[in-house]
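All remarks here apply to the structure that follows.
Should a chain be cited, it is by its letter among A, B, C and D, assigned in written order, with residues numbered from 1 in that chain.
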Amino acid sequence: MSTQIANAVPFDVKDLALAEHGKRRIEWAFQSMPILQGVRKHFIKMQPFANLRVAACLHVTPETANLMITLRDGGAHILLCAASPHSTHDDVAACLAKDYSLPIYGIRGESGAYFSAHIDAAVAHAPQIVIDDGCHLISALHERNPAWLADVLGATEESPVSAIRLRVAAKEGLLRFPVVAVSESNTKRVFDSRYGAGQSTLDAIVRTTGHLIAGTTLVIAGFGACGRGIAMRARGLGASVIVTEVDPVRALEALMDGYRVLSMSEAATLGDIFITVSGNKNVIGREHFEKFKNSAILCNAGHSKAEIDTEGLASAAYSRRVVRDFVEEFSMRDGRKIYLLADGRPVNMVAGEGQPAGVMDVSFANHALVAEYLVKEGASLQKAVYPVSPEMDHQVAKLKLEAMSVKIDRLTVAQEQYLANWAETA
Amino acid sequence: MSTQIANAVPFDVKDLALAEHGKRRIEWAFQSMPILQGVRKHFIKMQPFANLRVAACLHVTPETANLMITLRDGGAHILLCAASPHSTHDDVAACLAKDYSLPIYGIRGESGAYFSAHIDAAVAHAPQIVIDDGCHLISALHERNPAWLADVLGATEESPVSAIRLRVAAKEGLLRFPVVAVSESNTKRVFDSRYGAGQSTLDAIVRTTGHLIAGTTLVIAGFGACGRGIAMRARGLGASVIVTEVDPVRALEALMDGYRVLSMSEAATLGDIFITVSGNKNVIGREHFEKFKNSAILCNAGHSKAEIDTEGLASAAYSRRVVRDFVEEFSMRDGRKIYLLADGRPVNMVAGEGQPAGVMDVSFANHALVAEYLVKEGASLQKAVYPVSPEMDHQVAKLKLEAMSVKIDRLTVAQEQYLANWAETA
Amino acid sequence: MSTQIANAVPFDVKDLALAEHGKRRIEWAFQSMPILQGVRKHFIKMQPFANLRVAACLHVTPETANLMITLRDGGAHILLCAASPHSTHDDVAACLAKDYSLPIYGIRGESGAYFSAHIDAAVAHAPQIVIDDGCHLISALHERNPAWLADVLGATEESPVSAIRLRVAAKEGLLRFPVVAVSESNTKRVFDSRYGAGQSTLDAIVRTTGHLIAGTTLVIAGFGACGRGIAMRARGLGASVIVTEVDPVRALEALMDGYRVLSMSEAATLGDIFITVSGNKNVIGREHFEKFKNSAILCNAGHSKAEIDTEGLASAAYSRRVVRDFVEEFSMRDGRKIYLLADGRPVNMVAGEGQPAGVMDVSFANHALVAEYLVKEGASLQKAVYPVSPEMDHQVAKLKLEAMSVKIDRLTVAQEQYLANWAETA
Amino acid sequence: MSTQIANAVPFDVKDLALAEHGKRRIEWAFQSMPILQGVRKHFIKMQPFANLRVAACLHVTPETANLMITLRDGGAHILLCAASPHSTHDDVAACLAKDYSLPIYGIRGESGAYFSAHIDAAVAHAPQIVIDDGCHLISALHERNPAWLADVLGATEESPVSAIRLRVAAKEGLLRFPVVAVSESNTKRVFDSRYGAGQSTLDAIVRTTGHLIAGTTLVIAGFGACGRGIAMRARGLGASVIVTEVDPVRALEALMDGYRVLSMSEAATLGDIFITVSGNKNVIGREHFEKFKNSAILCNAGHSKAEIDTEGLASAAYSRRVVRDFVEEFSMRDGRKIYLLADGRPVNMVAGEGQPAGVMDVSFANHALVAEYLVKEGASLQKAVYPVSPEMDHQVAKLKLEAMSVKIDRLTVAQEQYLANWAETA
């Protein structure tokens, strides 16, 4: 299952011939990752991972490749396996194997057995630092419980859902090394949800439908971080935005920001385009489809397909057909058509290009800096799940500002004293 | 010092002849206080304060008058004294005394002795519930330590600085009843800082200068809640906005929101109008005045006059004179003029009309609902400082939405179950 | 009726003691008139009006004073009379007389006889150049038909309505000298309507009502230049904006800009604040008042009070009373209150501060430059009404940009050739 | 060269097997063409083209197909030939031939001889009404001068450049029938330039680069209709926008809209993304490339590739390579990279999807209504080039509003009288 180039590392990729295409994409993504560029310079100088084994289980994308290269340049013996059988970019994998001699295990569409075997390869790497997205590698290490498990200094975890499960494990005394939940950094939250999802969701709608957004009425279910980002961008493209919410404080904020706030039942009759980002299920269901205008567009940008009752839509319609890539038409008995994008799955991930490299830059800079921190401090941490520290958040933001040549002010000594004593001041 | 109308309550106001003018202003403000209107209806029905003594020490304004009337209509024996010798609206005080027979103590410009005596009157009221802004009445009760101090069910406190001091007192075991810090509600924070300060600061600048904002370059020092609100409004009026910050995460957010982010040293050469809301001192100082363009406008909307080094400005200038109400011109030796608004004090409070009634509505609805809560639960609380509960935040937001006839969605039972189990879902 | 300081010019003002106050206001306005500052420098050097008599009939405001000083500094023997018996700022008039020795005729509240006599003084000045606002002086010159009427090189006219009447006169062969309609410059149109009315209308509403604009639904009747400006500013302050129109192309533009477009009949039930800028009469009438929400605010920012059917409102209400300066409350039989601002007259002019100096700067720079042009070219023009030339528009815009230190690009010779031949290019 | 299905019309398309794919795309586009839908209903009822021959020479796209079907449903004997050898969508052509039995002549990539022969087929159709884009068919009719040329009632022309040439021809007495320049309608101008180019240009940049727009500095050369649209959308996506201009009035408007205005020389050092829409040549040239930041993105959305000096860029760079579809990297000697999109050709047309169907809807509804008008009035018109009448503009806007279920107000008789007499009113 594993191939080996003479005098080189083992790997398992689809086709080395794809390497050149992958290389161009990796390099292009790196242009949009100035924070990671800054981290890389720092790592080259400091060699924080010298002689350490690092294993990563991530989606194999151009951005991930740049994280791998950055860690390697910091001295790490790095190994990468795929975090899903379906997400590997085979050209990127090929380039990592061929041009960077990096042990990489991942093939798009691989079977479950292959996928497991690839994770086994990562376990066998005996990592001292673990980088994970979805808890596959952390779980495998605990399940197979190798002799050297006690040597693991710590892990980073990308997924917020996994962070919750790991907290349960820690509470029950099952966690064997500290984990830092990268999803809980402020920089990541702002970039992923507000700016990332905002742009990528509208972009996916325009790509799949070809519609002009200006002049449309656009309904957003949910005014959390993603909802705010999408509302901001939809207005920026000329839509009249309606927000629905179950939380009155959020509803009030939407209202004060100049959006219309209605119940979904009222909004259903008005919308040209509907986007769900509520974090809940069936926020648009059968009672709403009946009120939809002809030609209404329906999509989800929340994590779960459950936000839209797609089964209810199918059963309410008397026929359905695909009319464009990622666009399915449902014909209602009264002659109206409803268009569902990407089968209700996250439209920006499925039908668009996912997060821009500039957004992943923030995530992966967090992973890299947390990994460096774990080398230094992991041994002294408890076997628990930690958030990213404010200091690290600041460092990520600083590197981004430096990359953009933006200078900000520093507190003077007098100002620091003033702040320390501020309760004294009028 | 106290006057008494036959068969009526004692009071101390400037001139009862002002009552009619005050009445119109109180009624007008009530129009813009829909949340308090909702609370009042609820109080009239439920009589939560029946037979209870309530004393309030607040700035005597039309909005405060409406809070007093609301509490009275809820059954309270209410007494009001001024929270500052300088802020009383004498017409409002006159109306409360004359038309509402409410014991009210406050005269604009009163001496320190009078001010103290007015607080004494509130102490003598033997309140079971206390409403405070700046901790004057809570302090007096503790200092004079009356026999019935143990009967106080609790207090509400408006000022965030006082909340901090009260927490110190509680930690040292000195606090004798529970206090709820109203400033720490989400609704209040959003309304006061983002929407309130945003509109009122720009409004004050337009009133004092008569300037057209469109086409100007406007520099905002600080991107906290107030800074964001002001930036949003300044852009909304057509300004090109520059933000300065010391915190890299906030700086990055400003940048991602499309504002320019610079050091104050760079911004100093570009701005037409400067506004400080940093929470720090001397964020604009002598090194910046030297770089200012001719005719630059300078003002502060943060809590403290210390944000601008006004002494440094005075010593750098060779002459100064008042050229309009709240506008002072400083002539520099090289011929440039710099204009300081409101002597560096909070320009929206001093030179504008302060917070709109619609903003105070949120604060005072919080006070009223917290007071109701303290009647029920005060006895079971610890002698500590509490934040406003999320439930109360929700209630305030709900009342506001109802007043605006805005309907929002409710969770179905199935949705509630889904959320409770969300870690299970993909 | 006319007073004379020893060795000085005759004048007629209310009280010379007001001069110092007036002086400060004139100087402050001048700070906000950078274009006129540039024109003044140019005039001081070129002396275009040397030995010429110029008479102006304008509203006597700080901005007008600066135009007078600018013309005087260009060599003109200038005389100013009031364009209305009600608009003179007596402090400004006093300063012009006392500090600038300028013959000025105007007293706020003067009788019709005085007003006429003041215009007579301007006729008697035997002007070679005339500056007019409302056609009073141009008419007087034609009616009294003095011997030297043929010596008039030309006039400028501020009012668009007067321009129309003058065109009728010219067509009938009655006009005796050329007139340039300053209202028809592009710079003036943009500044006055879009940016001027936009800011000043919202400002007037906030001042008169004290309301928070964020979160309100604001209805604008008419989407011409003023309506666009107001819509832009209302959205910028956080309102949800509804537009009503009779013109489908404008309605469509409003829609594409992300505003809601409804009939007034639908909008009447939704609005918190209504603003008319349609240029028509009774765009809000009795059938709409019946649908208004309680506490709706109603005002006009168009030229004519006729936009709102105020008589209809009065007869629909069973009582009315003034509740704040410029705010009248109409009580309907069903208990609803409707608030009319400024009696339906232009709310920004009546209840606000009118146009900012920065807006008048554009108008008056146009007058000054057109006057210079008339000195050179007036004799060769026909006795007709002319628009401002694009060249002069450009010059005004250029001076404004220079005053703001904004550099723009210039066409290269190659680019000019390219544009001249553009039909040739693909 | 022409094929014929039994009992059906002749045609020349690439492959009838593509018809099904084309059909879906035609139907999808029709969903976004509500104005044309309204026109079609009207045509079906009125049959304005009964027994008339109509020939169209247009880009063969899904939107064009819908115009053809609409005209056919109005009774026309319609024939379509391609307006360019490179723009035909072969699937659309196949569907028109197969499913609609429409004589259609166009194959993507056809030779010049074929292209001419296809236009000959249109000439041979002996059209009484002509629909043209780029003047190919109008020219051919004049050149070949067939006997029945005098029977042509009139033509519509899409291209603004062709309109100018036709005006020259008309002036020289060469034009043999009236032509209406559809590009000169207000609705078309607003949709194409402001909303169409605004969205599609930003969309194309995101697609080709994958970049996050929020937080970038985006430089737009030119503030005409396209520039305004792009600036609006770029700000809406979170960019900080800089405008460069040569026209001071436009520069001033950009400034008053809150954008920064700089010379290109200054902007060159600041921009992350540059977009040219100036209508001129070499607005970004060698002197600017030298100042660009590393990784700057450069593209054109104006009509002509000449806006950017791409030859100057090539000669300044020491190497170039394609790094992504439509993205070429130029490496400068000092190590900086500059990225040119779509080789400087209109990025939204070449690298994006061109105008959304909702934009073409406006254009083609104009063509259809003008064609109907020419049937009625063409004979009485002069042999000249006409703009679209305001009435037709209104009709297009009305149909769009109706399709969106938007109701607007109508003038009452009293209001019409008021407007007719408005010079009388104060």
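By definition in this document, a residue touches a chain if its C-beta (ideal position, glycine included) is under 8 Å from a C-beta of that chain, and two chains touch if they have at least 3 such contacts.
Only a predicted model underlies this, so the values are computations on that prediction, with no experimental measurement involved.
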Quiz item: Which chain's mean C-alpha position is the greatest distance from chain C's?
Solution: A
Self-check item: Interface with more contacting C-beta pairs, comparing A-C to A-B
Solution: A-B
Quiz item: At what distance in angstrom does the C-alpha mean of chain B lie from that of chain A?
Solution: 40
Quiz prompt | Rounded Å distance between chain A and chain C, as computed from the means of their C-alpha atoms | solution = 55
Quiz item: Residue numbers in chain B touching 2 or more other chains?
Solution: 195, 214-215, 235, 238, 252, 255-256, 404
Self-check item: List of chain A residues in touch with chain C within their complex
Solution: 214-215, 235, 238-240, 252, 255-260
Practice problem: Would you tell me which residues of chain D are touching chain C in their complex? | Solution: 161, 164-165, 168, 186-187, 190-191, 194-195, 244-249, 251-253, 255-256, 261-266, 279-283, 303-306, 393-394, 397-398, 400-401, 404, 406-412, 414-415, 418-419, 422-423, 425-426
Self-check item: In the complex, chain A residues that touch chain D
Solution: 24-25, 27-29, 31-32, 195-196, 198-199, 203, 206-207, 210-215, 232-233, 235-238, 293, 295, 323-324, 327, 337, 353, 356-359, 404-405
